[in-house]
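Presented sequentially are two complexes of subunit A, the first with subunit B as partner and the second with subunit C.
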Partner chain A sequence: MLGGAGPELVTEEVKTGTTIIAVEFNGGVVLGSDSRVSAGDAVVNRVMNKLSPLHDRIYCALSGSAADAQTMAEVVNHQLDVHSIEIGEDPLVCSAATLVKNISYKYKEELMAHLIVAGWDRKDGGQVFATLNGLLTRLPFAIGGSGSFYVYGFVDAEYRKGMSRDECQQFVLNTLSLAMTRDGSSGGVAFLVTIDQHSTEEKIILPKHLPKFFNQ
Partner chain B sequence: MSSIGTGYDLSASTFSPDGRVFQVEYAMKAVENSSTAIAIRCKDGVVFGVEKLVLSKLYEEGSNKRIFNIDRHVGMAVAGLLADARSLSEVAREESSNFRMNYGHDIPLKHLSDRVAMYVHAYTLYSAVRPFGCSFILGSYDKDDGPQLYMVDPSGISYGYWGCAIGKAKQAAKTEIEKLQMKDMTCRELVKEVAKIIYIVHDEVKDKAFELELSWVGEVTNGRHVLVPKDVREEAEKFAKDSLEEEDDSDEDNM
Partner chain C sequence: MFPCLNPSDVQDGGFSFNNCSRNAALESSFSESSSKPPKARKTGTTIAGIVFKDGVILGADTRATDDMVVADKNCVKIHCIAPKIYCCGAGVAADAQITKQILASNVELHTLNTGRPPLVAMVTRTLKQMLFRYRGQVNSSLIVGGVDVDGAHLYSVYPHGSYDKLPFVTLGSGAEAAVSVFEDRFKPNMELEEGKQLVRDAIAAGIFCDLGSGSNVDLCVITQAGASFLRGFDKPTTKGRREGSYMYKPGTTAVLTKTVTPFCLDVIDQSVHAMDTK
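== the complex of A and B ==
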């Protein structure tokens, strides 16, 4: 996750050195991620979508080891499929987050992945959950991945309560752009997913369309 | 009263030639021998009432409860073999607890009812075990989904209800329940009606002493299932006894 110094072995574990973010607005959530997958110093995939669906209105953002994160997302996707059929309705976001947390916590020694779970359900509207290391907490917004360390100051300063859907999308893009510029393990394009009661919208933002700041 | 299933009624794994599983039907008879339990769903909650027959003056008051707490928000009233019912209440508790551990929130009542019904049904499939000899009513209140009421019987089916009754006087109780406009009532109004129905269906001649167990879950209890507080219960019992006296007085005018 943190870029290594000096020559690395060729068979370095594939990490999604990453920037991921999820923000809640009134009526839904916005998730964003970069698209770089690195194995040591090499970029092995520059267009990976790290926003993975768990259910129709629930997505998760992947960071850490690519294999661990993807597998967790697939397992929880399957569990939610079964669960939603058993209860006869769409699952709650907290159910998805609890399932992710249960895997994270039980296998915390073996796995290295952090998933941010965000979505919309009919009981509580838009919700964002962080599941780092097996904890479970609901937050107004969450950031994760190696790139997130560079932008904690930015998000803490810029986040405001009660942002609209468009303002949240802009906030997410600004954050991603800044992190992708400074973090060597984040880059590529930005993926954006906006979830509300009526739809789940996926967008790709090419580098030339990302917001520009100092030094870009 | 019933046809004897000679030879086809020895185990639950045998159908009779006319397509019945007698062991399950006999289990339902065990429920009908027990005293009555009713539950009614109103617009802001669910009220349970049980006619608990007191078999001996030596029993401590309030012992041998027939209303159980399954999870904070779910109550269960039972009729039939009490030991079977207690065992099933543990099953229901485990289901609720596991659901909360896996999914992080209260179990929806329909799902709990489906799961326990599936468990009860499993015991109707094999000759090595006997079916459960009890029916039970599950009720809960949730601020998003409102009040819900489900009943499970020994065959393992579960249905949702606005009002239901199980036990020896279930027919008489159902008739009384059908007279109520429960969708427009609140829990406070309903608790008095439930007490009255139990008093009506209680057979003074055959059964003598009984204790009225009343519990509710709804907006009035903030979604927790609790026994009705003493003052509310006494008011409800007074209302029930007074209504019965009135009906006795006007009996000659009826019919």
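== the complex of A and C ==
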């Protein structure tokens, strides 16, 4: 433990090799994530909740470097608190997404994290924003993380406009289940957060309760 | 907010990053010559912690290695940050030790400032903000465990500044060996003796199954009543006693004949060399 040269002995960086997804429905949003955090080949945390609150009705889903993503979420949480006190009411989802985008863009060389911001506000209802690499775009649904590449075809084929709250939850669970089966860096349990005007509901779905697909 | 450290900035005090540009140049020359750069070596340690019924139990091995040589057979890896918050460090020893000292000093100032005993969450936040600021160059992973007004808490913090809050954690090169013991036998709300035995077994798994960890098991038990540091709680690697004797007894081999030939020697020269004992 003593000696050795200095900076080149940096430990493997902890990444949230992950699957995250957010879907909008009429009146709210559903966010979902897996729970695996890896450092190189080892899983360092198999029950991490990657859905982080930014405000009462606004959540973000973390992916990329664990340190960068956690820090960005906490900084934006603080900034939103200050902002909502200044304007005297609950902040807009667009404001939260803009704050995340500002950090992502300004420090895009130094940080390696992608946050999907989703929530409900009084002005526009349920909204989902993607902030990859400093862009800001509103989408009906967004997926991210290493596991998302395996399910782009699935979500493109299965997404329909005008899904109900329950259908959205099922869509999110199906997507997570497929991605967690195929992606080595995603796994564990599934976390689900449903946000609407009245409440923010957090659920944990154990692997045995996830939907089952083809699996020899 | 996220200051980017420029290696050419003049530093007085704190960490020095003079070698960063040299390392970057070396890494690019490696990729050109299509040979691999030296792989990051995990420095030897097994540290672990659990939350039990009345608080937290932290454990650590006691070996400090310098490359492949054991530099210290009985070093201390568990340090006090606040009266009821302790910290185990893994990674580069110097980084871990200095980080813990800086942390203890800042937490003491914060305590005096607020007039309240520190929260484990506050200690973790201070620590991770410092590690994040140094972008992983401070190569120390730490387990922070303690008891505060909100109860017992256990955090693991990684060199780049990410953290996890869990009921049991392991870090260091022996982490994989130790976590297997926890995954098998951990239960929520364990009793004190059962908890101590579990942490001891996890560290012992690291001591026996990981080359970088060894020597003794240190434990630290923290409850609402206070903290007790059990130095040398278990010594699973003490040298055993030899069961038998490997010396042949006199008379094992029979003596057939014995011949004595005296040498007649005369002293022809004598000289004295004084030894330089200064």
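The definition used in the following text is that the second predicted complex is superposed on the first by the 205 of 216 C-alpha atoms of A that agree within 3 Å, B and C clash if a C-alpha of one lies under 4 Å from a C-alpha of the other, contacts with A are read in each partner's own complex, and residues count from 1 in each chain.
What we mean here is this: a contact is a pair of C-beta atoms (placed from the backbone, for glycine too) under 8 Å apart; a residue touches a chain by one contact, two chains touch by 3 or more.
It should be emphasised that the depicted structure is a prediction, and the values quoted were computed from it without experimental measurement.
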- Message: Contacts for A:Ala97 in the overlay, against subunit B (first) and subunit C (second): which applies, first, second, both or neither?
- Response: first
- Message: Is A:Glu110 touching anything from subunit B or subunit C once the two structures are fitted on A? First, second, both or neither.
- Response: second
- Item | When both partners are placed on the shared chain, which of subunit B and subunit C touches more of subunit A | C
- Query: Of the partners subunit B and subunit C, which touch A:Ser65 in the superposed model: first, second, both, neither?
  - Reply: second
- Message: Looking at A:Val47 after the superposition, I want to know if it touches subunit B, subunit C, both of them or none. Which is it: first, second, both, neither?
- Response: second
- When the two structures are overlaid on chain A, which partner does A:Lys123 contact: first (subunit B), second (subunit C), both, or neither? first
- Flag every residue of subunit C that touches subunit A in the complex, lowest number first. 1-2, 4, 17, 19-20, 23, 38, 40-45, 63-67, 71-72, 75, 90-94, 96, 128, 131-132, 135-137, 139, 141, 156, 158-164, 166, 175-176, 212
- Item | subunit B-facing residues of subunit A, complex | 83, 86-88, 91-92, 94-95, 97-99, 101-102, 122-123, 136
- What does subunit A use to touch subunit C in their complex? 1-14, 37, 39, 42, 44-45, 47-48, 65-68, 70-71, 75, 103, 107, 110-111
- Per the touch rule above, subunit B residues touching subunit A in the complex are 101-105, 108, 110-111, 114, 144
